[in-house]
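Each of the next two complexes has chain A plus one other chain: chain B in the first, chain C in the second.
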Partner chain A sequence: MKYNRRRFVKTVAAGVGGAFLLPARGADASVWRFFTNADARLVDAITEQIIPADQDPGARDAGVINFIDKQLAGRLRRHRQAYRDGLIGVDETSRAMFGREFVVLAPEQQTEVLKALESGKAKGETWRKQSSAAFFRLIRDHTMAGFYGGPQHGGNRGYASYKMLGLDYPQIIGQNRYRRRS
Partner chain B sequence: MMKALLKTTMLAGAWAVSALVFAAEPKLPAHSQLDCAKCHDAALIEKFKQLQQQLGKDAAPGWDRVAEAIPLNEAAMQALGAKCADCHAKQAKDLAASGHAMTYAQSFLNREHNRMEPPMDDCLRCHAMFFDGAAGDLVKPLDTRGPWRMADEKLAGHRSIMCVSCHQIHPERWLSPPSVAAVSDRRTATEDTPRRSETAATEPSKLVGGAATRKAGFFDRREHQFFPADRLPHPKVFKDGKPLKLSDDARIRVCYQCHAPGAAHHAGTSDDRTLRGVHEGMSCLDCHSTHSLDTRAACAQCHPASSNCGLDVTRMDTTARAKASKHDIHTMTCTDCHAKVPKARQ
Partner chain C sequence: MALKPVNAVVVGAGAGGGVVAKELSEAGLSVALLERGGWTTFEQHGHDELISQRVTILGNAFGPDDERHRRVVSAGAGKWRTVLPSEGGYGNNAACVGSGTVSYGAMAWRFMEKDFRMRSTYGAVAGSTLEDWPISYAELEPFYEKAEWEIGVAGDMKANPFSPPQRRPYPMPPFPLNREGEMLQAAAKKLGFHPFPVPMLRNSVPYGGRPACIKCRYCVGFACEVNAKCGTHNTVIPTAIATGNCDVRTHCVAKEVAVDDRGFARGVSYFDANDREQFQPADLVVAAASATETARLLLNSKSKLFPTGAGNRSDWVGRNLQGHAYAGAWGLFEQETFDDVGAGATIAIMDFNHGNPGLAGGAMLANEFIRLPYLFSGRRPPGAPTWGKAHKDFQRQFYRRSIGVQGPVQEIPVFDARVEVDPEVKDHWGIPVARISGSRHPHDIEIGRFTSSKAELWLKEAGAIQTWTTVPGLGVSGGQHQAGTCRMGNDPKTSVTNKHGQLHDIPNIFVADGSLHVTNGGFNPVLTIMALGYWVGDYIRKNWKGPKSFRS
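Let's look at the complex of A and B:
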């Protein structure tokens, strides 16, 4: 039930006649490709801690969550299990440290949790499967890629980071004209 | 039961727009009162309805999810582009009579051009942005020797530039990925994490053109995405190392995606037409009509009021009078015609 959304999309995309094969939308049906809505909120909160908004947009403004979700349904699908486990682990650590789930912690508490992950000493059963440091590196790298990469990959919404860096996007560049005029 | 319902609405012709929209209106305001069926065939509307059912009306799933599930190929874009003429006959007629009515054959079978530079994938972003294949599927051979022919004769008459190259119907904010805020705000939000609404997409343009620039933009083949003019970069062009004054009319950003200088943005390189000399700082659209590109009516807006020579500018020896003139209207200076600049009328 948890990760069944994509099969769903496939069916629609295939355009199976006019048949309405689709089950009714449940109250908690995910609007994401890979994540559940709860997963997405957690990943969104983690990425916003990694690149917080200041005078410039942060990971949330740049839609990094959409990048990670899209890539886990595609090119980065090999990391799916790492995310499934890792997200459970983050909340285990969060509860162990502050008694509550990560998304409801105060920003400073969230920072503490991420520091614990990064150090590799985070508490939680799940971190036996992969080290918390490895998961932290993974999600940090994906956050960077989503924030600084091309919007066509799902992140960098509104060309947030390009604007911040003053990059032209899409670039103005002529063809390699043989005729030079000036 | 759903199926029966669907059939009935299909038979009824088109969907009532109100029944179809997501949380907000997914179309250009000017088109928001139109039936989907004015532009789309029944199959697309049906697919959309299924998708909407699946994603949920209020899910604000982002138009990129829609585009993933219902991709549009070149044939679909051509069909859509052709629909515009139903209601915008003047623009369609103007475009058809302009240089922008160039075809694939005119773009890729030009011997002079191909001898100097072989056809390649990069040409497609300006000359065939919706084409489904690569350059080799369009023209053969990809070299400077030729003789060149269309890979498929049926492609010869396809238009290089269509209405949908510069116009988008479903506004850009619908292309944005979903935001967690949009999703979780609908749920009982207990968290104290800061929530920000989507600001990026609604940021008004600071440049002249403002909201009006939402009307035009550019479909970028490299990103496979449409960019409204106020999201395109504003050109910076240099002459002898110094920046030229450029018009701040945001609509020129559309023109500069194709009429672009080379990578270093030197004036006059590649296909650049940046105004310098007597007309420095002007917008392309100060002289060229948007769709016909015609310039005949333009001169009278400013001349003879701001004329130095005391002559009818349209009769002077410039490219405005005859293409063969040495005095390019885009670049000429006083010293192109005067050995010594006479004292300007002050």
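Let's look at the complex of A and C:
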């Protein structure tokens, strides 16, 4: 049976306690448009640090990984190389700091790695090509866009962020909701 | 193969071009209006924050597209980089029928009398080509009025003692203040400022056959879902078409103005919607492609007599590129400031446009348009965390409890802030692209520091619990408020056109867009560009005596 992408994405979204399930066919048959399954696990972990779940959904629940993957296969195609290199760099820094790859670190350690990236002083060969700060800004920005942009782009599932901000969604079109004020 | 001749080709169906096309076709001239973009609808992008004309992370909603367009921008130290239209640095406005007027915030400012006499008011500023306009406010005033009535402005200047004289009031009543506006109004009065409602190119009541604004959350950056925003696409351009004299040709990209060996324009070559090159013969040409693209078009229009481009004998085409150094402040509040009443910007002051001690100018200050959630994720006090739980806490606490007050600092023109054509990089059609370089004048930053301190004071008085200012750095100018690249003036050695927008060198080529601005005011520029469209159009109409009119 070929694993259906939509089902997989749902599975990821439902991922209990943040556990990231792999598709049945193993690591090399990617269910993503751009990412390998390993990439996706890493990006998912990074973005969940950038917007963590608390009383409101975080990046994982809102499907930010799906947004980034979809856009890297589309309008943000030009950033593919930055991601390819950047993801290698994140694990290099992670190993240099804690001896293990990023996805298996404790959340506090993951935060430390991302802070190192943000400072531009992260350790890792790859950061000679692009600064770690530039890659961090890129993925942070894409995480924000995925979390706050419209669901049609793959993220903000169920208008999670709009609910968090108390904004009605989708806005009622063509109706004068504000007549009371004039 | 040449097309059937017309009296006038207008390049660009934006703010200036839309107005000129209407003025000329109404006067009976046959007009071909070339626009590189197409007609737009609200449904194309709806309320998509990520593809708008303000946030462009996934592309520009209303053009130009990233596939076919490029610019080259100075990266300092003699290096250049190629940028796409949706990337910062490109300095985009828009590319569609109506251009920026489809998706703008629609603030409708007249410049002040002193804005036309900057040199006389402030004297020479070192490192600047600061100059007076060759026309006065009084000369342009009737044309402001025409723009306000034909395109539609809602406002009321009664409470503003700094307003330049206005013979006739606006055709529509002002928009009421939103919650931010009410808070700022009370604070301004305590401080002795003179607040008044922002004049808007939006229908506060039904006008021009279109409905009233429903004050939605999405205005700046978006097309209007109920067609209550007034641009050239839903006013003057339809009027031009209705005359039967104006042929709007969309998806047509002008390449160059052909200039004959006697030094007169013969017409315009362009690529049509199928990328086929066409030649449109014309008696006169109006360049209204925006400050960056008009300069590029003229520089690309090389001829025997003018080998460095049309109108460029004195090397002034593309010079003095200006925009606005936006400066202001943000404040965080304990009580809710957000009432979801769009467009958001409702209140302004003009107390600090002129007369600021030791400064050559200033800026109008107004509260900001509604910040959508993604945009707001980038608004943080200096040093505050931008991610993690702290990010979420900030969004939850302050999305509905913040006010921004900003203003467009009138830039002091710099000769070396300029648009050239790149010697190598070409667009999809093989046309050399615009190359932008130079930086703002340091004085702009000084003015920005001053006006932003006033914005901060205002927010504090309104009860902000925390405030911070934002002042831009030096860096390339231009952008949404681009202007100045084909300065009008009386001296052909220090300007590109005469006071009627007519090239000093080639009398049957006119310019009618932001390029003409000698200085760019401490205000958003579009109403002035529209007024200049009427001004230039009026001159052409009055002097039109048939095909040979401007060939001597």
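Everything below uses one rule, namely that the second predicted complex is superposed on the first by the 147 of 182 C-alpha atoms of A that agree within 3 Å, B and C clash if a C-alpha of one lies under 4 Å from a C-alpha of the other, contacts with A are read in each partner's own complex, and residues count from 1 in each chain.
To be clear about the criterion, a contact is a pair of C-beta atoms (placed from the backbone, for glycine too) under 8 Å apart; a residue touches a chain by one contact, two chains touch by 3 or more.
The shown structure was predicted, so the numbers you read here are calculated from the model rather than taken from an experiment.
K.L.:
Look at the residues of chain A and decide whether chain B or chain C touches more of them.
P.N.:
B
K.L.:
Between chain B (first) and chain C (second), which, if any, makes contact with A:121: first, second, both or neither?
P.N.:
Neither chain B nor chain C is touched by A:121.
K.L.:
So in the superposed three-chain picture, is A:44 touching just chain B, just chain C, both, or none of them (first/second/both/neither)?
P.N.:
Touch partner of A:44: chain B, not chain C.
K.L.:
Let me test your reading of the model: by the given contact rule, A:29 touches which partner, first (chain B), second (chain C), both or neither?
P.N.:
A:29 sits against chain B, while chain C stays out of touch.
K.L.:
So in the superposed three-chain picture, is A:144 touching just chain B, just chain C, both, or none of them (first/second/both/neither)?
P.N.:
Second partner only, chain C.
K.L.:
Quick one: is A:54 in contact with chain B, with chain C, with both, or with neither? Answer first, second, both or neither.
P.N.:
second
K.L.:
Between chain B (first) and chain C (second), which does A:80 come into contact with in this model arrangement: first, second, both, or neither?
P.N.:
Neither partner.
K.L.:
Pick one for A:152: touches chain B only (first), chain C only (second), both, or neither.
P.N.:
A:152 contacts both chain B and chain C.
K.L.:
Share the list of chain A residues that count as touching for chain B in one structure and for chain C in the other.
P.N.:
150, 152, 170-171, 173-178, 181-182
K.L.:
Which residues, counting only chain A, touch chain C once they are in their complex?
P.N.:
49-52, 54, 56, 58, 71, 75-76, 78, 111, 114, 140-141, 143-145, 148-150, 152-153, 161-162, 164-167, 170-171, 173-178, 181-182
K.L.:
For the complex, which residues does chain B have touching chain A?
P.N.:
2-3, 6-7, 10, 43, 46-47, 50-51, 53-56, 59-62, 64-65, 68-70, 116-117, 122-123, 126, 176-181, 183-184, 187, 190-194, 196, 199-201, 203, 218, 220, 222-225, 227, 231-233, 235, 239, 256-257, 259-263, 265-272, 331
K.L.:
Of all residues in chain C, which touch chain A in the complex?
P.N.:
47-50, 57-59, 84, 176, 178, 214-218, 225-226, 340-341, 372-374, 377-378, 386-389, 391-392, 395-396, 399-400
K.L.:
Quick check on the complex: what are the chain A residues that touch chain B?
P.N.:
Contacts found on chain A: 8-9, 12-13, 15, 18-20, 22, 25, 29, 31-33, 37, 40-41, 44-45, 48, 53, 57, 60-61, 63, 65-67, 70, 103-107, 110, 150-152, 154-155, 157-160, 168-182.
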